[in-house]
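Reading through the C-alpha cells given below for one structure.
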C-alpha cells in the first residue's frame, strides 16, 4: 500500500511521575492511508489522546515518548530535532481539540490567530495571509468569512468555533489531521454537520484523519477503519464495518453492547463490569482480564495482536471461537 | 448603570467627608502648633493673639467648618514653617515624586515582566526558582534597608552615583524633570530602583501566574500544533493574556507607589511630597499634614471608584462571554 | 453507652488530626529552604527569649555605657575587657547585645500586633460575613479602601497622631493591618456561608456565636494562618521602617529599626557596621518568616497539582 501517509510503529509514551512510570501508550501500531479516516476508540485513560499528542510530539512533561517510530510521508517524526518538528506541525500534520471554547485564544481576533498560523510556515504579507484565512473559513462552510476575521471567539457559537479550528488546521493542507474528540462538546445536530464536512474534506482534499473518540456512533458514521484501545494498547483493529459487525475482542463487544442504539428499546443497557484499571496498577497479562467474562488462566500472559478474519485481535479467547 | 454610578459616587463622597473629619481630629490631637510656630520666650500676650488669629480658641467643630469652607475654595491654609500656601507647596514638590514613581514603575515592568514570563514558561528551571526567590526578597526586604544598602554600595563604596538629592533638572512644559540629562539620570536611578523593588516582586508573580495558566491552556497547545515558533506563542498568545491583569494592577499600584515614596525620599533626600510630609510630621506643620492626607484619601478614593466603575462597565461583556 | 460512642468518635478525630498534621509536615518538609527557615526562626526566638543571658552587656543600662567605647570596629576589645564582635554604636553599646535585645523588641511588637490584628480583623470579617446586607457592604468598603493604601502610610500617620510609645505603636500597626485578616476571613467565611450545612445550622436555634465559632471559623482557618504569618513579618518590617523614620519607640530601648536608623548617619563615613549588622538580623528574621509562610501557602493550597 503505497498511499500510506502516516504509520505509527510500536509507539511508547510513558509518564514519569512521583508514584512510578505510567505506560500511557505501550507499543501502539497503526497506519492511515491518504484521504481515509481512522477512528481511535477507547475509554478515558486508555491512552488514545496521548497517542494523538505523541504524533505531534506535544506530550507535556512528565510524559515522554520513549520508543517507536512515527513515519509521516516517509519521515520519522520521532527522530526530528525541535525546529524540524515545528516545521512539520501545522504544515504536514495538524491537530484539532475537544473543546472549541478553549482552543481559540479568547483575547485575540480570529484573523490574528489565523494569520499567525499562516506566517508560521509561509513568508507572505499580512494582506495575502488574510485572504487565505478568509478562503479557509469559506472552505469549512462559515458564512460571511471576511467579517468573521475581525470577530473574537466569544462572538461565535461552539459549532462555528470548531469549524474555525478545522479551518486553521487545514490552512497548509496537511497530509494528516489528528482530531481529539472534536465533536464531543457539541450538540448532536451540529456534530453531524461537522462530521459530514470532515468526510467531504477528506474525500475532496485527500487529507487523512486520526479521529480520537470514545463514541462508537461517531466511528460507525465517519471512520473507514477503527482501532480500539484499552490500557495503552490496541486490542482490536480493522475496517469499521468488519469490526462493528463482528467484534472479536470481549472489550469491543462490551463497548458496543453499552451503546443505546444497539440495544432493544426498554431493555436494560449492558455494562462492562468493573472499572478501567489505573495505569499505575495494571494486572499482569491481558489488562482486560479482571473485567472479562471469558478470562481464563492463560490470560495471565499478554496475548499477541493476531489476525482473525479481516481484523486484528489481541485476545486468547476471541468471540466467535469456542471457549476451551 | 446610571444608578450604579450615582450610588458609587455618593459612597465615595461620604468616605471623603468621613475621612476628612478623622484626619482633622487626628491631626488636631497631635499637639499645639503654636508651640512650634513661635519662640518659646514669647510673651503670653503674643501667644494669645496668635491663637486667636488662627482661630485655635474656637470650638473644634467650628474650626472644622471654617477649614472645609476654605478647602472648598481651594484654600488649604498656609504652612506654619514655609509661610506659603500649602497647596502651592505640595504642587511644587509633586513633579519630583511623580517622576520618581513613574521611573520606579518603569523599572519594575521592564525587569519584572520578562522575568515573570520566563519563570512561568520554565517553572522547573533553576533560573526560574532563582527569579521566584528574587520576588520573595522584593516583597519582604524592607524598602529602607535596601535603600541603605544601595547608598552604601553605589555611593559610599564605589562612588559611582550620588548618595542623594535630585541633582540638576530641566524644565519640560514648565515642569522640572531629572530624566532629561545624564547627570539627572545619575540622581534618579538609585531611588527609582529602590522604590521599584516591591512592584518588581509583584509583577514577577503576576506575570508568572498568568504565563503558567496560559501555557497549560488548550489555545497554546493548539498554537503549537499549528507550528508557531515558541517566541510567537509567548509573544502573541501569552503576552496578550497577561496584559489585562498587569495593566489593571499597574493602575492600582501607582497610587501606592506615590504614597510609598515617603520612605525612599527620606533615604535619598529626594525633594518630593514624601520628604515634605515626613519633615512636616517632625515639626508638626499641621496644615501641610492635613492637606497631604486629604489629597491622599482623595487619590485612593478616586482610584477605587474608577476600578469599581470599570468593573461595572466590563461586567456585561464578561457575562456575555460566559453565557456564549 | 453514649460515652463509649463518644470516645470512639474522639479517638477517630484525634487520629485524623494527628495524621493530617503528619501529612502537613511531610508536604512542608519537601522544601529544604522552608525547613531551614523554620530552624532559623526557632533560633531567633530562642535568642530573643534568652537575650539577657546571651548578651555580653545590658545595652539599656545607660550607666554602664562608656563613650570611649563608641563606634568601635567589629572585633575590637573595649573598656569592658571583652571583644565587641560586631563593634559598638555611637553611644558605646555593644552591637551584638543591642541586636539581641532589639530582636526581642521587634519580635514582641510583631507578634503582639499580628495577634491583635488577627483577633480584631477576624471578628470584623466574621461579623460582616454572618450579618450580610448593609453591615457587610459598609464594613467591606472600608476594608477595601484601606487595603488599597499602603499600610506604611496609615501606620505613619497614626504614630504621628498617637505619639511615641509601645502601645501607641502597636495600635498603629493593628489599625494598619487588621484589614488583611478581615478581607481573608470574609472571603472564605462568606463562601462557606452559602453551603448547605451552615444554612442548616442557622435554621436550628443555635446562638449566632456558636455557629460562627464552630462552623465558619474552622473552615476559614488555613488561609488565616498564612496571612497571620505574613503579617507578623510585615509588622516587624513596618515597625522597623517607622523607627527608621524616627516615629517608632524611644531610643532608650532601640528596636532593630531604631538601631539601623542610629547608624545611618555614620554609613556615609564608612562606619557600616552600626547600620548593617542590625539590618542583617532584621532581614534574616523577615525573610525566614516569609519563606515559611510561602511554603505553608503552597501546602495548604487546595488546587495544588501533582
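Order as written gives the chain letters A, B and C; numbering starts at 1 within each chain.
Just so we're on the same page, a residue touches a chain if its C-beta (ideal position, glycine included) is under 8 Å from a C-beta of that chain, and two chains touch if they have at least 3 such contacts.
For clarity, every value in this text was computed on a predicted model and none was experimentally measured.
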From subunit B, the most remote chain by mean C-alpha position: A
A-B or B-C - the one linked by more C-beta pairs in contact: B-C
Distance between the centres, which are taken as Cα means, of subunit B and subunit A, whole angstrom: 54
Centroid distance [mean C-alpha coordinates] between subunit C and subunit B, Å: 25
Interface residues, subunit C side, partner subunit B - complex: 141-142, 144-145, 148-150, 152-153, 156-158, 160-161, 163, 233, 237, 240-241, 244-247, 260, 264, 267-268, 270, 272, 275-276, 279, 282-283, 286-287, 289-291, 294
Interfacial residue positions of subunit B with respect to subunit C in the complex: 11, 15, 26-27, 29-30, 136-137, 139-145, 148-149, 151-152, 155-156, 163, 252, 255-256, 259-260, 262-263, 266, 278, 281-282, 289, 293, 296, 300-301, 303-304
Touching residues on subunit A, where the partner in the complex is subunit B: 56, 58, 60-61, 86-91, 94-99, 102-108, 112-113, 116-117, 120-121, 154-155, 157, 165, 168-169, 171
Touching residues (chain side subunit B, partner subunit A) in the complex: 124, 216-219, 221-229, 232, 236-237, 240-241, 244, 320-321, 324
